[in-house]
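There are two complexes below, and they share chain A, which is joined by chain B in the first and by chain C in the second.
Here is the complex of A and B:
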């Protein structure tokens, strides 16, 4: 049914393409498709052959074989960010000693969180807020009766809250979060995605208890990441109750912060079992503002600009 | 004067009026100077010589009056009177300007003016409250972000990372005395200090645990050579060499695997050190004797 094009007459067993030939020059779609498939198969065969050869060489050399090449990943190839924090950096240490979280880290204040939503929240958002309140110790959920945040904030400060968390909702699903550190701390605006409530978790355990969880913060390397890390750390009380065996994790990967809540148990000194309890969600930082919430006149420390991130796939901010 | 009746007959009843909007129940008039918004004989601005309206521009209300003498100059036909911002004063102004006009027009003007002031007040109140900002989402961008998030999730290997972190914390002792397995840290410490004497016993123990199949081989060799050489030093080295010999095939077999288990890892590490130092000497020595 298919006749080989004249280029292949001289090499029937093995396909050899003349150098100037390109599959896309064949006008007939069916034949072009078939030629392309053959080309792909050919390439695959070559690839497998190269791999086999390499493996043979490696086995032949035995111990003297060169070490295996590490495959390139986005994390390996990440563009070096000049704001990456060096652990011994004095300037950073000084800044952190005197910034808005220093009160918390010097054990002067205990966290108290107020969780609310945007106007007219739907069931999913309300349930999410309630579950968040069980995860974060000393958190209170209040119904937002169309109040302006700017008016809410002084009242919160008066009642001794340290954090204001507003879950924004769109189309019956939470999609944004504003996290405002209260006395006059930074305000972070996040995009929330992939929210899984407790009901939807597979193989979950019982509800979280009242014990304060431990906190794990992974991969917050740059200055911005550091301030994010401190922001999250200050949500939870200083002394985790190890009796409760609960751990809240904020893991940063490629600018996405994954939140998970687990209960762990040490089976022996080398193995630990974890069971996911509470809600899980993903955050992506959209803007960090210096003072409390003020969208019009606030001073923005950092704003997500898409065209900056589109330039290079291996550049991340957190 | 214009022929109002004729005009109404034509546009209202028989022929076409471009401002008329017909619905099932009612007719509306889209003319901007219409006072009620309905298409009626008395509300039609085209079919009434004596006509007045109220219109508002940028928060300012004006009274428009039609001067029929200028019907030939439509651009100059309507006269504008600016109404005061005070509601009562404005009503008086309307009364003054429309003093001998038909009741209908006066009444409807005042009604319209009231409605306009009410909605202006509402606008002013709303601008003081929170304004909802609608941000458009780009489908392509959202899809891209979603994909990136999935890939990031896969790359993150969260469970592994969390487990590793917890084990690290256990090792560093942040949990204090709650968990009763300090053996791991203890072993590590010992290993770092004394390598030869400690690791021998450890290696033999591990051998027993893992090399069940190869145990017979080891035992036979031991019997052969331990009979010949009774010195403690040689025996120790023989043990090491035997372990080396039988570890070699095992090591090459497991080369592809990551040394996950701490025990294997430890053995390999210790094995490498001893191999370089003492492998060559004891073997020929024992065979000679």
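Here is the complex of A and C:
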């Protein structure tokens, strides 16, 4: 009858006969469990055997062995972002030189931060705010009293504040932060998670002193990341007091910003000892709005759109 | 410089004062400015064509100057001072028969005539957000703003507007509905004007009808709509809001036809191409994006390092390049060749197979089906 011409073969040339059964088809739970355990042990044995073989080959080759392969991580595989800032770019330098933070970076103003919460905060949030106030020099905590932020902002500007930080609370735990740079600066809205207060820190040192800490900003590479880096840098005074040996770190990894506060001591030229003091928390940027806080009518410079970020696991914005 | 500007099909104005030209066919962006004298008060507020043949771009800045950029020569040819920065930013710029029309935020609409220094002035109210010119009747302009309804002015009769819109009726709580016209556009081939508001409404007004209230009202989203544009042929409108959401709305019933994805920041400038189904958007996220309106997909995305304020599309075909044209011609020839080969094989068969072959020939000619026909021939 009809012969299949060779180019028309779609099915694979070899197929196993009879078809193998998988462990999940066994209806009896105990037997299924046993078969699965056996399967796992088999796989583990095979893995160990492969590793041993590779190590043997490597030792046999000695010096001529190929270099060890670097394991792939999501950070390694990060898709190149075209907004990554080139340090010699004149246009970006001009943009940053004349933006809303230029007053701070040209040393015309000193930071003064107002920390408040959403209405009726519970104990954990209050303690968090107090600890933040010890970490950030020249920070003042005020009770919210149900006031509207749009009315608070002109009063803050009149009293010379440069930042307004509002910690939002949900179910007795801080979960959001609105950081508004005051004269007319951008407003960033963050999601706060993993808040650890001072008493929950292991092996912590004594309370932080009044000295201005140094600030470390890690891995803020894109244009948006640069704006965020400047936003965090402008919270702290320009000149850190190295006598205090305190450092605040904002580390960006995969769009999450980790805040840590340490005290360091140089044991000798190469070794440093660090003690973690102070609160620790993680931030994720949800939106950056141009102008002071106006969530309804303000213009947003960047908004986190979750479903558009889910398209590629290796693309980040900060 | 001149060759760079001649290739550019999209012009974008930025907050740093740089006029950027983008060539989508060559996938390159060029800055047209002097890097030494950049300043924030040269921030570009409005862009407009200086003439009908689109050889001159008018650039309006915050400090009140209007610069003319020639696309053929690639340099700024003229600078005029049309007001000071104290009078507010430019909200609209247009050209009629050698006169320049400018409008600022404080409501002062001026017509600057060539040669003479005196201007025809119209007071369009306070807080004007946008001024647009009617492309078919060049002496009509529309203005609108915050708590300042849509007004259509005829420049020959500057005392009163020829059409003043009325606010909609009080809402279900009997409270006055606030109005905030952010952008407007004249619908071609009719008298109607479509506006978008800061309270996420899109309204259509008809000066020809006796009612001064909007003829159609549609809602989109929860954030202020900042820009609006009409595509080439259909009765639809593209709007963008401060969250970077772009939508195509149908103007017959006022329903959302679809959304364009990709923008992360507020839309500042939006323009549809006059003939092709393409729309260019620029915004605060420092990207220029070109979407296709038919399948709502992103065609081009260009990173332009500063925040962008306004965009201007030229009417020429955006991806016109000679290589693309020859490519199409070649493809057509190849398909013709395949069909010929099939016909040649057909003639060698007997009648029965021929009938079957002719039936199948109506289907699309592909390689697989050629072999299928061969199989039946072998039988």
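Everything below uses one rule, namely that the second predicted complex is superposed on the first by the 278 of 318 C-alpha atoms of A that agree within 3 Å, B and C clash if a C-alpha of one lies under 4 Å from a C-alpha of the other, contacts with A are read in each partner's own complex, and residues count from 1 in each chain.
One rule holds in what follows: a contact is a pair of C-beta atoms (placed from the backbone, for glycine too) under 8 Å apart; a residue touches a chain by one contact, two chains touch by 3 or more.
Computed from a prediction, not measured in an experiment: that's the story for all the values here.
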Simultaneous placement of chain C and chain B on chain A, clash or fit: fit
First, second, both or neither for A:21, with chain B first and chain C second: neither
Larger contact residue set on chain A - chain B or chain C: B
Touching partner for A:249 - first (chain B), second (chain C), both, neither: first
First, second, both or neither for A:90, with chain B first and chain C second: second
After fitting on chain A: smallest Cα gap, chain B-chain C, Å: 5
Chain C residues touching chain A - in the complex, by the definition given at the top: 15-16, 18, 31, 35, 38-40, 198, 223-224, 226, 242-244, 261-262, 264-266, 268, 284-286, 303, 305-307, 371, 374-375, 379
Touching residues (chain side chain A, partner chain C) in the complex: 2, 5, 7-8, 82-83, 89-92, 94-95, 98, 223, 290, 296-303, 305, 308, 317
Complex interface listing, chain A residues touching chain B: 62, 73-75, 146, 148-149, 193-194, 214, 216, 218, 242-243, 247, 249, 251, 253-256, 258, 260, 262, 264, 266, 268-270, 272, 274, 282, 284, 306
In the complex, chain B residues that touch chain A: 129-130, 141, 145-146, 148-149, 151-153, 155-156, 158-159, 161-163, 165-167, 169-170, 175-176, 178-179, 181-185, 252, 262
